[in-house]
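Chain naming follows the written order as A, B, C and D, and within any one chain the residues start at number 1.
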């Protein structure tokens, strides 16, 4: 698949996952909360387009987009979301946790902000390895108010770690508008004070995101240090599915849905003379693939409860 | 005493304390570590010159200068440093902890950075009270790398708290030069990204410090929000007395001692035709007062060890 | 008298205290505009305004620190840490600052601070949202820790916590938020540090906390059918623990079981066991038993939780084996 | 064979492991240029260079987080938290991240991380620098916790900790840094999870940790003069605890005393007491006794510390009262 189509394909894969999961949730077939990635597809896909398999990625509680963009296998990821035995973490991680060491995907997190220091640790490994690897850490604008954010910016800058700090600013942290918790709404502006570059990017434009990512990754690979990218975007759904979203207007939501990253990119592709047929066939294939993944996930066994006692410790080596 | 002499008097009081305590330490008569304030006198005095008794002050592990500048009674403070029964905290706080609610002095701290959120809490009280009070929190440049710093800047700015964040940048955190742990050496530059003003000030010039403090306090009193002041200064001694200071050169120390805040201010006073005699009489008086305070502290009783069980809880009101 | 949920009982408690004392304030993530992440501070913003009921950034350390500073300067703050799984981000402010300040300065500052927090134990939300960590807090001198198991207890203890001049960590069980109970309309407090005998019995003393109280009572009904009468004690306060009430009961029953949703090693059960043993050893006919989840994190999913946690059946079985 | 201090034994251990395995790195405040705030990493920067031995900012959360991320990606980091009193600033990274990652992902990531930390308990430095908090850590599944009481144990356990694929919190007693012992020159490890019987005896089992081990041995000498022979067991590992060795001893002595420098409620003594009682109840002639400081913060000054903490005399007295 060519590059242009690949970006689209990844975004559509995420879109399909998120839409179909919402349907599953509406039918009461999903166990627990869904932190939807709907509307933010261009962020994960644009960033990961700049990464290699051996680059590291640390995610957060809203991770499906990140996982899929970095290449996680769909079915075992999906099964994990449902907490099934066939899930990539054996069904113990659930909706907020999936990982794949082979792709450098270091997992999700239930603790807001906690991924930042871990991402820095992976970047330190990359620096020690000296093979030009980088680490990316995704976090929300809400997380940027946690202490871990300042510690990470400072240390990454001081050590010139190959770390790309990606803030997905979707304007809300749970039910609280970001504007209510800050005096200055651009997270990227905090970078300079710590001695690292920060950049605001249109997070709904996958090409802009990819461009910014390539610049940041380039810097990181050559030892020039970290970058903070703030991707301005929007969480179409509530904090979790079912959240009544009283804290914002339906108009605001509609305005942002107009800026749909897929719609925008589809228009661009058509301008580039990519034929509508190949786009449609991707849509159809992914729809089916995701349906199948969800079907399999629903049908899969729950883990045996006794397995709760496995893996508390790794085997000893001493 | 006029204003000009008052600044001098406070600085000299601190200077006397620090020098005489070093002597006591050298004679092995001090119980534990001394975190010397020698060289930083203009910071505490310049800032506190802008404060009223009902303004709040939160200190850190290097607190004697702050306590004295805000007006803490010398003898009970000194006795506290020695852990004596007559100490202002009953001798249980020791060298890192003294407080006086009547003067808004909320205490020292053994945990680097932990005073910042507490200072913000006092500022929130001030804001609620609506009587134009402000809160000041002192911390080192090393503390600015702790998570609490970012959290405090952000919240103080978002809530427009009447908080003056005073970073005494004395270039070292324990044995580690600040430059080794940051990419950007001006702590004040971090303020803007959080939407609050930050200012670098010559921390060895008491008049400059006072000017900056007055500006910041003014802003705070009228509800315009917090300010970050970075006072560039130098810790003449080691991190604690006895530290061999291998991490820096004797030349660097000498160069900074040339910039002695007292020497500088004395020169200014003489230029202002303040007569040398009144300066000298201050010197003499303070020397004696501090000698006396130390003599009393040394002679005072240790607290009875059983009192270790007092004050674990306050009496119940429910 | 009105029937109230655990959640509304808490809101009522805070509402009443905020009305009677204007120094009471409520700070935390989503507590104001959203009425609480779990709806447990609804109406408070409307009643008391945005200065006293205030949304904070996601900054756990300063959330508690704000409370410490405000409490030292004359306010009676309630600060909220949404899940107690997040304690690791703010524990310094709790154990070194809130709990020690009165002590260090020999009483110069009171610390009338309530740290309101929740456990979602057994709700299937996975390893970072399913922990009950009262044992950590019980190890801290200068801190009080309460954990109510009924709406009425929740209300009375919240009011006591707000009026207390010491820092109190108030642990809510989210899984109980919708449980209902009749609660009188008058002003009342439930004293911190006082256990409640939820059922009288003679054969075995069962000390149960939080979610396990109702299960112990269910087990009691079952066991009664076989003529076994257990005494169910809910300590309600984790620290300081009302060990006297427990020991008195054990002296009568000669057997004790401790049931918790928190982990066994270095846990609540160990503390109660050690205390009972120390004080009533020669009254014991059998060693104090501890019934807890096994020593592992809680994976995602309710099936795991159901398997891991004590329930009425396993409580009844433990009682029988103690007698057996 | 060479006589080594506790401090140098630790440096040697790290030196040896850094030499044999280049994935071992050391990160923390003042660990590199200054050779450690307490001199406990001297020579390591010179030997292994600034990429592997690195000074960090005063950022406790990221210090541990760096270790977590590096351990997940193939390194074997040792990260240092200067005093364990600072745990409240980094506990999330320890208990939610380091301890649970292997578990959550069903073993996809190993976590060969050592969190090196110190207690200055009993050194008179005051309330924020005098705490022993091993009980918190022992409550965390997936975490190992060791606390050596001699230079040789320190060396062998540090080497074992570095080679372990699990997160290990390594607690050093600063007050013991200058204690000396002969240590063999060959490569050896002391297995984590194995208690050490420091003295054989028949009358009372004394379980002592850290600073209290030497005092228990001193008390043993005193008591022996009166024909009382205590068995002194140093668990060395706090979690997982080698309860078998302890219980075996109690089955012989029928009496047990636990002595620690950490606080009693929800503490180490409670855990050991509960476990002994559960497993050896019918062998016990008396309740398990716990000798600890009283439940209060530690004020500034050595006199307070001396009054608060157990010592050889109070240990001997407790043993006598257990016997009689």
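Operating definition for what follows: contacts are C-beta pairs under 8 Å (C-beta built on N, C-alpha and C of every residue); 3 or more make two chains touch, one makes a residue touch a chain.
Keep in mind that this is a model prediction, so the values were computed, not measured.
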Set of chains adjacent to chain B and to chain D: A, C
Selected interface, A-C versus B-C, where C-beta contact pairs are more numerous: B-C
Cα-centroid distance, chain B relative to chain C, in whole angstrom: 40
Centroid distance [mean C-alpha coordinates] between chain B and chain A, Å: 45
Whole-Å gap between the CA centroids of chain C and chain D: 30
Separation of mean Cα positions, chain C and chain A [Å, integer]: 36
In chain C, residues with contacts to at least two other chains: 56-57, 59, 61, 85-86, 88-89, 92-93, 96, 103-104, 127-128, 141-142, 295-297, 299
Residue numbers of chain B (touch at least two other chains): 92-93, 97, 109-111, 145-148, 151, 154-155, 158, 180-182, 312
Arrangement of touching chains [line / ring / star / complete / other]: complete
Chain C - residues contacting chain D, complex: 61, 85-96, 99-100, 103-104, 127-128, 133, 135-136, 138-139, 141-142, 239, 241, 263, 265-271, 273-275, 277-279, 281, 284, 286-290, 295-297, 299
Chain B-touching residues of chain A, taken from the complex the two chains share: 145-151, 154-155, 157-158, 160, 180-184, 189-196, 198, 225
Of chain B, residues touching chain D in the complex: 31-33, 83, 91-97, 109-113, 142-143, 145-147, 173-176, 180-182, 246-247, 302-303, 305-306, 308-309, 312
Contacting residues of chain C [partner chain B, same complex]: 25, 51-52, 54, 56-57, 59, 61-62, 64-75, 77, 92-93, 96-97, 101-111, 141-142, 144, 159-160, 163-166, 189, 191-192
In the complex with chain C, residue positions of chain B that touch it: 56, 58, 89-90, 92-93, 97, 99-101, 104, 106-107, 109-111, 114, 116-128, 135, 147-148, 151-152, 154-155, 158-159, 310-318
